[in-house]
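Provided herewith is a single structure, encoded as structure tokens, for subsequent inquiry.
All chains are identified by letter, namely A, B, C and D, in their written order; residue positions are counted from 1 within each chain.
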Amino acid sequence: MTVAENKPLTREVYRMVLKGDVSAFTAPGQFLNLKLEGRFLRRPISLCDLGEDSAAIIYKVVGQGTAQMAAMQPGEKLDVLTGLGNGYDLADAGEAPLLIGGGVGVPPMYLLAKRLRAQGKAVHALLGFNKASEIFYEEEFRALGCTVTIATADGSYGVRGFVTDALPKSYSYYYCCGPEPMLRAVYKTAKGSGQLSFEKRMGCGFGACMGCSCKTITGYKRICKEGPVLRKEEIAWED
Amino acid sequence: MTVAENKPLTREVYRMVLKGDVSAFTAPGQFLNLKLEGRFLRRPISLCDLGEDSAAIIYKVVGQGTAQMAAMQPGEKLDVLTGLGNGYDLADAGEAPLLIGGGVGVPPMYLLAKRLRAQGKAVHALLGFNKASEIFYEEEFRALGCTVTIATADGSYGVRGFVTDALPKSYSYYYCCGPEPMLRAVYKTAKGSGQLSFEKRMGCGFGACMGCSCKTITGYKRICKEGPVLRKEEIAWED
Amino acid sequence: MGRLSVDLCGITLDNPVIPASGTFGYGYEFAGLYDINCLGTFSFKGTTRHPRFGNPTPRIAEAPAGMLNSVGLQNPGVEKVISEELPKLKKCFRKPVMANVSGFSVEDYAYTCALLDKEEQVGWLEVNVSCPNVHGGGMSFGTDPKAAAQVVRAVKAVTKKPVILKLTPNVTDIVSVALACQEAGADGLSLINTLLGMRLDLRTRKPILANTMGGLSGPAVFPVALRMVYQVAGAVSIPVVGMGGVSSAADVIEMMLAGAAAVEVGAANLTDPFACKKIIDDLPAEMDKYGIERLSDIIGGGHAWEKT
Amino acid sequence: MGRLSVDLCGITLDNPVIPASGTFGYGYEFAGLYDINCLGTFSFKGTTRHPRFGNPTPRIAEAPAGMLNSVGLQNPGVEKVISEELPKLKKCFRKPVMANVSGFSVEDYAYTCALLDKEEQVGWLEVNVSCPNVHGGGMSFGTDPKAAAQVVRAVKAVTKKPVILKLTPNVTDIVSVALACQEAGADGLSLINTLLGMRLDLRTRKPILANTMGGLSGPAVFPVALRMVYQVAGAVSIPVVGMGGVSSAADVIEMMLAGAAAVEVGAANLTDPFACKKIIDDLPAEMDKYGIERLSDIIGGGHAWEKT
């Protein structure tokens, strides 16, 4: 695919738009897998938005690989595997779904919100960040017609604390993506049922190497294949 | 340095012009050492021509590294070590020096010829190639005011045979660069004294690793440091 | 017999390219991407007597020109492989498959191989005595010629299928292990398994792999693999399957010159699911470059100069 | 004592960065490029009792993320090193230097070390029992705990300078060799030397290296080096100098977390003559990234989790 856009949203978080064949994507919560020059393993990054012939991703610069991505210019070509993983099932949403995203777990919630809004659902987006300066996409969610709650760990914006400190009284179902501690907290605190998206170091990203396996109530699952989205009911926390 | 030009001279032979600081070069016969993306070792390539702030090299596409070079576009940056090795000593040239180049051994002869012509010497360039289609730089040597003899192994142009089949009767001194078999042949057949430039697989290219050592009458020499140019008198053929 | 075909322990392969165990699952993940019948064969996921989840995660770490893995032989166990995986495989792969077997005791190996011996889909038994991931497991067998030979004898006693011993590179003298396996009746050898490696996370100051150490594979190990294939092929008379960092048609040719009768491709499948298909497609043009008429002609060709 | 300073066998280094033997000559090639007094120290070209030309050429081959070399200990012999190289070095390097010694018999080692022991410029003797390039040479000592211990005892008998044994990774159990050296009185250990590897030329169908095989170094070997440093540092009580593919400040930190008291940088010097200077310059910023106040605080820090 070809880099069409690559701009910072915050000091460390970037948004990249890739042009090319995106027909393999079937659901929000799926991911793509990027081959970077000089890096052996691909970088899996979840889908944030989807166009006719383009996919948008949002990534945080944490290591050499993502730093390399941040330096890429429009026009550069990237070897990308698309449509990977098992995304969110919208059928369970109900009328007023709650979308919970934390940090770089926010992006997949955007495409999910877009699709749910298209179905006329009343979407409440609950987004968690460390501090005000790290917030991104608040306006984009509002523009979709979502009600948006922001929680910041240091209280520099919105609700002080974690997303679990800002859970609304009522919602029909929840969808969640974020760091594992947040997933655990939401799993424990949030009422009702939902779907949670997991992150793990992957080898291949398409189910071949068993590098990202996890145990679930319904047996062993590959985060890259049967996941990254798991239903609350099947999750079995290791340890 | 920055690639300013990169064009084919024949089907396999390319000429690249690099812009940047070339102040480290002191003599024809020296080489530069290129770092290519994704290749561990640098590629040593002998200097063909020198400008105020530019160096020209001529290379043949033989492997993945040189294929990568052939694909480079003007404007691309390259990590280059310049002014490497011990070049030709012009002091011994005499009035009518003979310059013998074979294949990719021709390029260093060009800068040497240029310098000798600037001193008003009568330069005879004897250039060997496999066949007519592989000939390059004949006109460039003539343009310097050299008398030029071309030898082709298959006789498709100029003298049929090797450079040693086209040695002129008289010359004051000779300078030679080419594949080792040619160097040996010239060493054995050519009358009088001369300087020959050698090629060897190098590690560092600046005298640190002893990867390219050879035995000479005057002791062990590093092709990348005391060489690539050796005097006929000091050469001791291994084998 | 095409230009690419080779013989491996009496079975003809259309080409020498074999996806390595643990990088190709039980085949059908890839069958969704292309017709895997273009492969010489493939070595399926390491199978054990009992089902295994394997090691905790993270199981994967990045390395320069390679990767570390500590999957730890996750597999459903030999019974389920036979009852569920092989029938699924039959639908998408019509060639004999290489059954990769691991164990933690000589009895384990014999038990698992005895069951797989009855499966006509199975062409070869690749016995892994070298998986570096399992504490006190496979490793020990492969590092001791006597123990390796013990496994060979136990397995040969329960099967008529060709038995290929997969050797570990984490030894001082791989040739002595290879010779011991040949002497014990092995029909072939495959090498190298992964090199034991490790990475630390600078932030947490802990190993990146939950299992602390893991196996290094990828182009980084190719020169070590080629050296060992060259040494072993020069010492034994049974066929050697070369592997370790192979990722191009040129690598396949280099391995065969070193003495490999066939070549396994591992990590490359994980970064490019089409890697093996591409290598097979590239082979004829690559052979032309070096004047190679038939691949079978060049096996061990890199040793010819020794006699001169 | 700055943030970067560490102790190596009782001698304080301004920083832990040490160009590895064979990649830095006798120093003055690099002294022409920058003031080499910025280095912790450096390990000079492997020196033997008698002058050696080394192996025939080609001695170098490219590898993925690394290189193969079979230089074979080219050096002018210990007498000339003392009479010619050390005086030249004195002009450009005022710190204690690490003298790297190789030999082909226990007597060779003792003879060479006895002479170097008298040189006040020499701070440490790094005894290479692992050079994989010399037939029947160094290799054998480093692969056998008893032979390695023999060398240690012979060298310790003729010098009061700290003796650092340089170990080969081409063994099944490097810890057993390390422990044998410690028991025999070694003051420190350095590892890893190169991994034995090979490449073939597809055109000539011959080994690229005239010596057939050579030592693999460069980033490709880093995970194997780190694993062995981690294993050895966890088993011995003497300082360990870590090396193998180190090419950045982050690599230095990872090696020290694994247990290295100092770090040698090898192949990186050959692709970038300024590599060591850059690494030293980059260290403070890299330490800040991970909240490291003094490098000496993190030596072996990657083992802390084991106790929890």
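Assume a contact is a pair of C-beta atoms (placed from the backbone, for glycine too) under 8 Å apart; a residue touches a chain by one contact, two chains touch by 3 or more.
Since this is a predicted model, take the numbers as computed values, not measurements.
Novice: Listed by label, which chains are in contact with subunit B and with subunit C?
Specialist: Chains in contact with subunit B as well as subunit C: A, D.
Novice: What pair of chains is linked by the largest number of C-beta pairs in contact?
Specialist: Result of the pairwise contact count: C-D comes out on top.
Novice: Roughly how far is subunit A from subunit B, centre to centre by C-alpha average, rounded to an integer in Å?
Specialist: Chain centroid spacing, subunit A to subunit B, equals 57 Å.
Novice: Rounded to a whole Å, what is the gap between the Cα centroids of subunit B and subunit D?
Specialist: The separation of the two C-alpha centroids amounts to 36 Å.
Novice: In whole angstrom, how far does the Cα centroid of subunit A sit from the Cα centroid of subunit D?
Specialist: For subunit A versus subunit D, the centre distance works out to 46 Å.
Novice: Give the residues of subunit B that touch two or more other chains, as numbers and ranges in rising order.
Specialist: none
Novice: Taking each residue of subunit D in turn, which ones touch at least two of the other chains?
Specialist: 61, 63-66, 218-219 - these are the residues of subunit D that touch more than one other chain.
Novice: Treating touching as the only link between chains, describe the layout with one word: line, ring, star, complete or other.
Specialist: ring
Novice: Mind listing each pair of touching chains for me?
Specialist: A-B, A-C, B-D, C-D
Novice: Can you tell me which positions in subunit C touch subunit D when the two form their complex?
Specialist: That would be residues 61, 63-66, 68, 143, 170-172, 195-200, 202-203, 205-207, 213, 216, 218-224, 226-227, 230, 245, 250, 253-254, 257-258, 289-290, 298, 301-302, 304-305 of subunit C.
Novice: In the complex, go through subunit B and note every residue touching subunit A.
Specialist: 37-38
Novice: Taking the complex as given, what residues does subunit C use to touch subunit A?
Specialist: For this pair, the touching residues of subunit C are 22-25, 29-30, 45, 53-54, 56-67, 69, 71, 74, 208, 218-219, 267, 269-273.
Novice: Hey, which residues of subunit B end up touching subunit D in the complex?
Specialist: 35, 39-42, 65, 81, 200-204, 206-215, 220, 225, 238
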